[in-house]
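Can you read through this structure? Questions will come right after.
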Amino acid sequence: AVPPGVLPLCRRPPAWGRASRQPPASLLAPCRAFSNNKILVELDESSGVATMKFKSPPVNSLSLDFLTEFCISLEKLENDRACRGVIFTSAVPKIFSSGLDITEMCGKSTEHYGEFWRAVQEIWLRLYSSDMVTIAAVNGSSPAGGCLIALSCDYRIMVENPKFSIGLNEAQLGIVAPFWFKDTFVNVVGHRVAERSLQLGILHPAPEALKIGLVDELVPEEKLQEKAAAVMAQWLALPDHARQLTKSMMRKAVLDRLIAHREEDIQNFISFVSKESIQKSLRMYMEMLKKKKS
Amino acid sequence: AVPPGVLPLCRRPPAWGRASRQPPASLLAPCRAFSNNKILVELDESSGVATMKFKSPPVNSLSLDFLTEFCISLEKLENDRACRGVIFTSAVPKIFSSGLDITEMCGKSTEHYGEFWRAVQEIWLRLYSSDMVTIAAVNGSSPAGGCLIALSCDYRIMVENPKFSIGLNEAQLGIVAPFWFKDTFVNVVGHRVAERSLQLGILHPAPEALKIGLVDELVPEEKLQEKAAAVMAQWLALPDHARQLTKSMMRKAVLDRLIAHREEDIQNFISFVSKESIQKSLRMYMEMLKKKKS
Amino acid sequence: AVPPGVLPLCRRPPAWGRASRQPPASLLAPCRAFSNNKILVELDESSGVATMKFKSPPVNSLSLDFLTEFCISLEKLENDRACRGVIFTSAVPKIFSSGLDITEMCGKSTEHYGEFWRAVQEIWLRLYSSDMVTIAAVNGSSPAGGCLIALSCDYRIMVENPKFSIGLNEAQLGIVAPFWFKDTFVNVVGHRVAERSLQLGILHPAPEALKIGLVDELVPEEKLQEKAAAVMAQWLALPDHARQLTKSMMRKAVLDRLIAHREEDIQNFISFVSKESIQKSLRMYMEMLKKKKS
């Protein structure tokens, strides 16, 4: 707990606060990039802003490999003093991320289920507690785990296409979003909206997502990156340290809850997903997806 | 805590999920009914939907007898595998339920007060945690305990007549809504709206109730049952088990709080209502009601 | 926990409830006033309503002296049975209160910091838990600690001038609002709005403050006192005792949290504000303010 301050009646931070915190602009290396099989990262050193593009067709599903690379990329940026903010977006048309990869939950060993679930927890813990400014530029549909990634950011901008939808639709598959998905959701849309949306497993079309506060604004697809950069500049105008402490104060209770019950949550997942009834449901669902494709 | 799922981009659950969970339609007994002095229940076995009609004129007040029969009817449905959802509505014109029956709190023994209060707790505990889909079809005014019944359902549809109002107006009588009324209210309308509404004991006319989220939608009186059936069908399209676990996850904290303090809450009620000042207030209030009638 | 009541379908409390609770109107002493260097208080004994005017130019900053006199004035009214409600407003044009006085945090002893912070805590504890009806008539800008005073009242009316702004803008100064500022804010505007507003240190222009629920209504400056009196009359129409218990039920969790961690919170403040980096920031900020003036 630290003290409140006094006035400035201007709405922008004083110049002295901003200037001293900007990373040194370098004329030699204004942009660095690194990538792996699933994710492309570009860091603009002059602005301190990285863009992380999910490029794992067909639907950017969150496989164990994807989650591992996502985690490594995040950690790299977090440790890079030149980076102050990240914009997450998709390189795959029409989809931001389809959420957790069902094949990781089907016909595997309990060890595998445990490893997979730990990776899901890990990405959320890192994202939701990130010291960097995190903005989701949602340029496609974003169900389940894809929605969780957006919910864990500081700000969500979505393409205004009503064919794109977003939500925690787990209930529709006969499964239940874990309590920390729910806590993250409630922190964004409030208890009542979350209760109805989770029970019905609603995928909200973009205009509805805006209305319930699940995303912060809608823009035409061609304006998305420009808008994300403008919002990022607004957030980076604040002194990092105060912003980070404030973010931590707001999110600590929900983060601590998973941290305190992490192993229990993994055991729950393993025993749930190992049930024959759930395995059967997931197999049927995967077959339906295959038929849909062909 | 159980796992999140993956995508389906369609907004309806897959056919395999629904079909297997619908109760077997019976050509022989499509509708069963049972009733008692206060409540009429009709169960349509083909849809799995029951309608519970409060028929205790003049105002469907929640007497000990009413609460007991309400509780038995609920339990019967909860144990009937053919029933998946209940619509609550009133058979008395212009009133949904007037709330707790004041005569139960006036000039009775402490044993009676304790028994009465336990019945009030019981109906809330059952309703708020019900595995069935619960929809309030609010076709009249619904103050205090009447409002609590609506708040405890999954969804609230109200007749759009601005003469009908709904709210927790206890403060206007000089009494205070118990903490679990308050918790249920906050879960629906949020902290700020609840704080003001409870302190002022506001009865919100239907249009205002919609605006603050106290009810989910308004319809003309003649469309109420049709609308309730349509909403029920939407909720029943989800697999029961996932929906029930999700509901429990959302409501558990508030339910557990009363369960942990149930006996204490009963003692509080007894000692509060036994005070001479409160007895006097309630007697004056009842006399005022009598005069109003004549 | 005390019991819910039954119906009245009228929206005003019954006459018997109001009449018996109004303080005796006195023809001899309808209005009493007292004042000190910083604050002017006028109590209208016939209505039971006091007006507390902040008159500490240039910006009503919350110095240790101001907080002490504020506290004494509040306590006086709280102990005066003729007083049931207070309206807070400013006698200084264009500013409600600029928040905590930075000079109290700069170049002083640790004893002084401790004494100052305890006074800040004290005023919040008293205001947020006051048995009186408290209304903020915000007739000017109200950043940081000024916003906290408004947030701690039962109702907020602001002048509809878009040049006046209100918010917890601590992050803009490189400092962090304490957890109980945050808790109070979340109780009014909800988690998501608070998270973004606190991280960006936003000062919301009056129309935006209304939109996010940070204030309850906007009025033209010349109508402010009249409106505040009308709202006060509405709140005073309720029986005091039930209203007070309801208020306490709504705010107890947040109040208890500071009470449980009060000394720790003071130590946190002292060690934070004693840091050379923070002292330097505050000195630079004060110099900027001085230049701005000249």
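First chain written, first letter: the chains are A, B and C, and each begins at residue 1.
FYI, contacts are C-beta pairs under 8 Å (C-beta built on N, C-alpha and C of every residue); 3 or more make two chains touch, one makes a residue touch a chain.
In UniProt terms the chains read A, B, C = Enoyl-CoA delta isomerase 1, mitochondrial.
Predicted model, so just to flag it, every value in this text is computed and none were measured.
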{"item": "Touch-based graph of the chains, sorted into line, ring, star, complete or other", "value": "complete"}
{"item": "Superposition of subunit A upon subunit B: rotation angle, C-alpha, nearest 5 degrees", "value": "120"}
{"item": "Centre-to-centre distance between subunit C and subunit B (centres being mean Cα positions), rounded to whole Å", "value": "37"}
{"item": "Subunit C residues counted as touching two or more neighbouring chains", "value": "190"}
{"item": "Complex contact set, residues of subunit A against subunit B", "value": "59, 61, 98-102, 105, 117, 120, 141, 143-146, 148, 165, 168-182, 190-192, 194-196, 198-203, 261, 264-265, 268-269, 272-273, 281, 284-285, 288"}
{"item": "Residues of subunit B that touch subunit A when the two form their complex", "value": "1-9, 11-14, 16-17, 154-155, 186-190, 213, 216, 234-235, 238-239, 241-243, 245-247, 249-251"}
